[in-house]
Amino acid sequence: MSADNILEVSDLRVSFSLRGKMLTALRGTSLELRRGETLAVVGESGSGKSVLAKTFLGMLDKNGRVESGSIIFDGQDLARYTTEKQWLGIRGKRIAMIFQDPMTALNPLKTVGEQIREAAALHRGLDRRTSRLAVIETLERVGIGEPELRYRQFPHEFSGGMRQRAVIAAAVACRPEVLICDEPTTALDVTVQAQILDLIKSLQRDLHMSVLFITHDLGVVASVAQRVAVMYSGQVVEEGSVEEVFYDPRAPYTWALLASLPQLGVKGEELYSIKGTPPSLFKEIRGDAFAPRNPQALEVDFVEEPPAFPVSPTHWARTWLLDPRAPCIEAPRSIMRLRERLSKARKDPGRAGKASGGEA
Amino acid sequence: MKRPMPDLAPELFRPALFDEAAAELTGYAHYSYWRSTMRTFLKSPVSIFLLALIVVLVTASFIYPLVSPTDPNRVDLDTATWNMEPGSGHAFGTDGLGRDLWARAWYGTRTSMLLGLIIAILDVGIGMIAGALWGYVKRLDRVMTEIYNVLNNIPQTVFLILLTYIMRPGFWTIVVALCTTGWIGIARFVRNKVLMIRDAEYNIASRCLGTPLHRMILKNVLPYLVSILIMEAALTIPYSIGSEVFLGFIGLGLPLDTVSLGNLVNLGKNNFMLYPYQLTWPTLLLAAITISFYIVGNRFADASDPRNHV
Amino acid sequence: MSDDTILSVRGLGVEFPMGRKRFTAVDGVSFDLRRGETFSLVGESGSGKTTIGRAIMRIHPISKGEILFEGKRVSGRIDASAERLLRQRIQMIFQDPMASLNERAKIDYIVSEGLYNFRLFKDEAERRAKVEKALRDVGLIPEFASRFPHEFSGGQRQRIGIARALVMEPELLIADEPISALDVSIRSQVINLMNRLKRDRGLTYLFIAHDLSVVRFISDRIAVIYRGRLVELAGAEELFAHPLHPYTRALLSAVPLPDPEVERLKKHVAYDPSIHDYSQGKPSWSEVSSGHFVLGNECEIRGWKA
């Protein structure tokens, strides 16, 4: 394990048994979270991104289990943890999590302040008065005005955005080293989402946290992350810095994902569209899971799963197209356009800043 | 991440043919609601066994009176035939008047089953229609809620006893007594379901297409209630049979010349100290019927919930 | 009203009872849809955008104003022929493909529901042919007709919803967030399909959405709605190039774009309704430049015109 990785997942397999059938949610997932960075995990529903997050906190549903692979956190393999007692020192204390729906994370019968205080006191061993002050400070830090008053209020007196701030306060109150955000803004309005994203970014900087940000929205990825891992059918298919993945994607799935975005399309032209839908996780997948939907697939994609090919020291992708034996296959046109913009942006870094609503 | 590279033939590195129709099929799953419900239901051997038991009991109780020459009410004046132990030519023995208990058990089961079925059909039928209207027609809500409160707050037993006192004891009296209170619970259940379904997006879609109310109820609401109604019916049957036994037990049941499980239990209990078999057999039969219906009903309810399907 | 106006919404108000009080969901909204255009209504949750769509479909009763379709009033009390006109020629596509199809009906019935309601076929064979064509038009296999909705994925279900609308041969489609519940890789299927139908059949769309950046790609004109009132309306490119109302600007800056360079340099603008000083003059709906309308008082409008 390299010293600047705080969390390292390798070849993780997780499956669930559902009424006698086996559902494989993670099929050999590998990724690394560096100290002090924000890594976005992007994928569609069923890609396994939320299951991945749950394994970091030992919160898999009862019918699910880690089959193989490892999750190394601070020299310990979390994948081997079996008892609640082992998790106690990690969950909420060193690794904290924020969920999509803030209401499920808050107890409706207790004041918001008390809930956060209990969480913080439990993990930091503070007395009542000190912890109360710490909570009020945290509430202020996450942008909740009049923290003394808000401390005494109940969750239903908070708006959706404020609730998510309170949940964030509870998560960071014990100063975790790793913060996992599972689609924290999906249920929020765009203007509120922008504020919450700004908050998470500034907290990450100030508290020196490492953030694993799970989302399906590539816009959110571009906004919060330094690095990104693209997931498809229980596997990371591409990992690299946001610039590398957005401007020089290599995996056909990443191409398809980016090229199908209307925000990057040209009006009047057809968008690139991915045919079909992701494969059923109940079935055994042979070769590359994306092959049946990929018009640029090679015959080998249907036979053998591609390994991870390095593109640069910080960028790799799982596709046979990077094999020296593969023919030269061009990315879709809109991806080529992205590449051109990258070279332009490098020449003239001030230019991109003028865009208020982005370029299309 | 590093795995040994498998030996791959270079010709594999050719573009593959892309089949758009095959890609379209990746999202497609064979699934049928009723097939999955049945499959989930039949997965448990207990359910299969109990369902088979119900089928056997119902068929036998309706066929027996047609094929057997034994009259369940034939009193034998020969005292030697009174209170005979099981075996001895009478499978379940005889009672204090020399009547054949085997025959009486089947006749009794038939009466009780019939009672249960009729009450279940009436309860569910009335409850379904009333509940659907209650849920759909906003003006009815106040009235129905009041009716519900009144009916629901009178203790069931008191109501049953009162009604059987007012009316002459008989088969239909029990039907009326049980139905008067039974339908409202189902109606409320249906109403709550309808309220949930009424504003679902697919119903708004139907309204946007100008679908008339009767077709909305027929196509958009009732199919969602079928499994619930089957379950309700399956649970009403043992409840009604049990109620009849209870009324018989306190002497307000069917007339003594009608053979029913209630009357059998009632007579059996009088001779229980001397001839325990006269109570044991009807009670065991009763227990088998009610428990089977109850478990099968609940198992079916679980199986019909799509969340339990794979 | 010019000849190419297909739908005209005039001073629309919708109120909902909330206990004893009434809650105003939509307040004095007016706009015209031109034949063959894609007109987008963009706002956040609770802005009243969905309510407008449903008021046009007569799902919600309106409390003020009127709605004209091809010059004929289709709001308030109307006769059977106007209702028939509305139900056939205006169709709706819904947000959640998991909730908008009747799970217990076969695709065949779902797609033909409107045909049954208005007896739009001579015989069984014609009905089948229409269903088959509608399914083909949305890129589905006609054999799917005998299946139930839960056999399909979200994107396929959304296309079944579109087929159900198309089979009526509508002129106007109201699409209420048709792609926001779909997975990213599926969205472009639906967007391409909608654009193709618009091109081939001259359909008009009222597209209801919350995401301005997606809307830009498909819209000819965009209206921004805030708390039941329109605050700005302009051609799509004009709105992006010269957003005037502070809420529009806030909304534009809030949407994260899938471009790390742009995001890195972006500053979010928050909208604070108290910046408007309406003690000096009530805001009105004014045309600032050709086809570009904003809600503001005289003083604000003067500033925006400059």
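Labels A, B and C are assigned to the chains in the order they are written; within every chain, residues are numbered from 1.
Rule of thumb we're sticking to: a contact is a pair of C-beta atoms (placed from the backbone, for glycine too) under 8 Å apart; a residue touches a chain by one contact, two chains touch by 3 or more.
Because the structure is a prediction, the values reported are computed rather than measured.
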Graph class of chain-chain contacts, one of line, ring, star, complete, other: complete
Selected pair, greater C-beta contact count between A-C and A-B: A-C
Approximate Å spacing (C-alpha centroids) for the pair chain A, chain B: 49
CA centroid of chain A to CA centroid of chain C, Å: 32
Multi-chain contact sites of chain A, meaning residues that touch two or more partners: 275, 277-278
Per-residue multi-chain contacts in chain B, two or more chains: 24, 27, 29
Multi-chain contact sites of chain C, meaning residues that touch two or more partners: 153, 155-156
Chain B - residues contacting chain A, complex: 1-3, 5-6, 8, 10-16, 18-20, 22-27, 29, 40, 308, 310
List of chain C residues in touch with chain B within their complex: 54, 57, 59, 83-84, 87, 91-92, 94-96, 99-105, 109, 113-114, 116-118, 139-141, 144, 148, 150-153, 155-156, 161, 164, 168
Interface residues, chain B side, partner chain C - complex: 21, 24, 27-33, 200-202, 204-212, 215, 219-220, 223-224, 306
Chain A residues within the chain C interface of the complex: 44-45, 189-191, 193-195, 197-198, 216-223, 242-243, 246-247, 256-258, 260-265, 267, 270-275, 277-278, 341, 345, 352-353, 355-360
Chain C - residues contacting chain A, complex: 44-45, 153-156, 183-189, 191-192, 195, 210-214, 216-218, 240, 243, 249-263, 265-266, 268, 270-271
